[in-house]
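Next come two complexes, and both contain subunit A; in the first it sits with subunit B, in the second with subunit C.
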Partner chain A sequence: MSEELLMMLLADARLPVAGHTQSGQLEAAVRSGLTAEQVPVFMRSRLASVVRVEAGTAVVGLHRLRAGLPVEPVLDAWAARTPAAPMRDTSRTLGRALLRLVRRLFPDSPHVKAVAVLERPCRPLVLAAAAATGGLAPASLARLVAYDDLQTVASAALKLLPLDPLDATSWVHDLLPEAERLAAAVAPLTEPHQIPASSAPQLDLWAQAHAQTTRRLFSA
Partner chain B sequence: MTTSTPELAGGALTRVRVGAVAGGRVRVETDVTGPATAPALRPMLLAGDARSARISLVPDGAMLLAGDDVRVEVEVGEGMHLTLVEPAGTVAYDMDGGQASWSVRITLAAGATLVWAGEPFVVSAGADVTRDTQVTLAPGARLALRETLVLGRHGERPGRAHTTWSAYGHDGRPLLVESLDLDASSMAPGLLGPHRVLASVTALGQQIAPDACPDGRLDLEHGGTLWRHLAGEAHEVPAEPWECATTG
Partner chain C sequence: MPETVTNDGTKNGRGLRIGVCGPVGTGKSSLIALLCRELSADLELGVVTNDIYTDEDARFLRSAGVLDPARIKAVETGACPHTAIRDDVTANLIAVEELEEEFAPLDVVLVESGGDNLTATFSPALVDTQIFLIDVAGGGDVARKGGPGIERADLLVVNKTDLAPYVGVDPAAMVSDAGSVREGRPVIALSRTDPASVEALIAWVRSELDRHRGGALVPADPGPMAPHFHADGTSHSHDHDHDHQHA
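Up next, the complex of A and B:
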């Protein structure tokens, strides 16, 4: 299978994996006063923190799946680096939706089975199983995680703020070099303890506050 | 010289061990090693009884300055209870291109309790500080730790702080791992926002009532709770989380 085509498939916003329910805490940020002009710096904050954790988790998961090593320690490392319970829940909900898809696409994959037996795997581990099955390189997997996050926030921004869609896409484009740096930084990681633990205190608090509100457009 | 990082000349290691009972009182061992001129935290025993001790960590000499390497090791023995207090906050001053480090190792034996009411740690403009905290908890051990990081003195630009924090259970399972690279650029939406004060209360090894102190409360995966508050001034940080962590 072409690595490029699999990347396109997994990065496609039209996948039935509930991506449209997510704003990456942007909704909570807007509620607390974030303006349209601040969205790019918000996206950059995510790349510097939670996205590093997710991308690192995916890459280390990929390595361990390929090496036939247990992935529970990766799930533990991710959970210890994700202090906000709503963020963990969101990642697991998205992981479940993605798992339904990759099970259908790769019914015989031992990598998908290894992740499916975990109790509530997080999304980066499910992505890692798809990557291990389809032969994606670690850097490609990390790019996928980073790119998906940028597009998630950009498309949520269009629903939350009066914006020109061309602006939102150009923000994503302008942050691609940052996504590439992130991918290069995490691609060599192989051990759970190496997974970045970059914290984003305000994102954690926003995630927590958003989970407790009833009036909301996005689930997180 | 006990420092393991040769570029930091001012290394001092403070050890506090609270162990088995000796003659009806808890055995408290404290020592400070390092060059006589190095700034250190001097442990002063305030109170002690059969199972508990209360110790103040008193800064000896001006700190924190370029080249300082302050290290603290705290061990609490099985079933023992240690309370640590600090007489005042710590200010990391302008280091003029230099660096300083502050590291803490906490080892809690089965059923041990450590309550450490940390005072604000202020990172002045021009300061460049590494802060590392490592905690290991045996079964039944409890930790309540308060930390308040302030970027810049009043009306001042932030200095730089690189903080790493980790807690592991006895089986090696990570409970909480995080790192923060803080400077003026961290005052961005999602990281610190416009706030220069990051306050944390960490409660591990204890169940906090589900509805207690909901504000800023983050419940961890494998038990334990972290409360976070972002504020403009240290005095604006609410006291409730610390009360919850120490009485809950």
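Up next, the complex of A and C:
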């Protein structure tokens, strides 16, 4: 299978994995005053914190799946680095959504089976199973995690803020080098304890506040 | 199509999933509250709501006291109510499955779409059968205008017939208009204050549940597209099960 084509498939916003329900905490940030001009900074902060954790988790998961090592320690390491309960919940729900698809695409994959037996696997681990099955390189998988996050926030911004869609895509484009740096940094990781533990308390607070509100467009 | 857990090859192993859609304000939440009130004595129920901007519908249903609040789940659709019931049903399907797992065995799960427009209908991948709702207050010509839900939903409900005298609409004409575009599919003129109409609605739900349990209910797509006609005089919409090629 072509690695590039599989990447395109998995990065496509049209993938039926409930992506349209997510704003990456942008909705809560906008409610507390974040403006359109600040969205690129917001996206960059995510790359430096929560996305780094998710990308590191995916890469280490990929390594262990390929090596035939257990992935529970990766799930534990991810959970320990994701302090906000609503964020863990969101990643697990999105993991379930992605698992539905990945099971259909790769019904015989031992990697998918290894992740499916976990108790509520997080999204990066399910993505790692797809990557292990389809032969994606660690750096490609990390790019995928970073790119998906950028586009999630950008497309949510179009719903939440008065905005020219060309601006939103420009933000994603301008942050691609940052996504590439992130991918290069986490690609060599192989052990759960190496997964970055970079946190962003403000994102955690927004995630927790959002989970409590009764007026929201996005699930998270 | 939803996975059908079959033990003996004929019976359906999970509960019936019923979609309720239709324009804003036609009474979807009230209809669901009504169904819960009428059915919860002998059936195990769950409800998933898709309100566009708030969990208002879920709260309305919880406060109506017709169902254990834990059995009512709100799904946020990211301002895409149409997507969530049609092209990416994942979030709703997960909510339905979670209810089915948590309160197993459920007989019926009701899925309420976020109030959308006349073109929004459920994918058969999410629900087994669907009710499309319009109301007399929306105007007497709505049924005549048609659309996939009005023409081909499993059941069309013309709601709030008790308001007809106040809005200058003849509900009988509305039902007759609807009947003429529905090719024999059922139409119910409903009013909460008319026990016979409520009885007709409940009878329809129970009959769909029987068909589902017996394996006779095959989810059908009302489609976003109008049926189209072939030179040989046959017509179809794009939910049929035989293969054909377009010229």
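Quick note on the criterion: the second predicted complex is superposed on the first by the 220 of 220 C-alpha atoms of A that agree within 3 Å, B and C clash if a C-alpha of one lies under 4 Å from a C-alpha of the other, contacts with A are read in each partner's own complex, and residues count from 1 in each chain.
Operating definition for what follows: contacts are C-beta pairs under 8 Å (C-beta built on N, C-alpha and C of every residue); 3 or more make two chains touch, one makes a residue touch a chain.
Quantities reported herein were computed from a predicted structural model and do not represent experimental measurements.
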item	value
Subunit C versus subunit B on the shared subunit A, clash or fit after superposition	fit
Touching partner for A:Thr214 - first (subunit B), second (subunit C), both, neither	second
Partner chain in contact with A:Gly61 - subunit B first, subunit C second, else both or neither	neither
More subunit A residues in contact - subunit B or subunit C	B
First (subunit B), second (subunit C), both or neither touched by A:His20	second
Which of subunit B and subunit C A:Gly134 touches, first, second, both or neither	neither
Cα-centre angle that subunit B and subunit C span when viewed from subunit A, reported as a multiple of 10 degrees	120
First (subunit B), second (subunit C), both or neither touched by A:Pro201	first
Which superposed partner A:Ala84 touches (first subunit B, second subunit C, both, neither)	first
Which of subunit B and subunit C A:Pro121 touches, first, second, both or neither	neither
Minimal inter-chain CA distance - subunit C and subunit B, angstrom	18
Touching both subunit C and subunit B, counted on subunit A across the two superposed complexes	none
Residues of subunit C defined as touching subunit A within the complex	52-55, 59, 75-80, 83-84, 87-91, 93-94
Subunit A - residues contacting subunit C, complex	14, 16-23, 93, 96-97, 100, 156, 159, 214-219
Subunit A-facing residues of subunit B, complex	164, 166, 173-181, 188-193, 195, 198, 214, 216-222, 226, 228, 230
Sites on subunit A touched by subunit B in the complex	25, 29, 34, 38, 41-42, 44-46, 48-49, 76-77, 79-85, 88, 193, 196-206, 208, 212
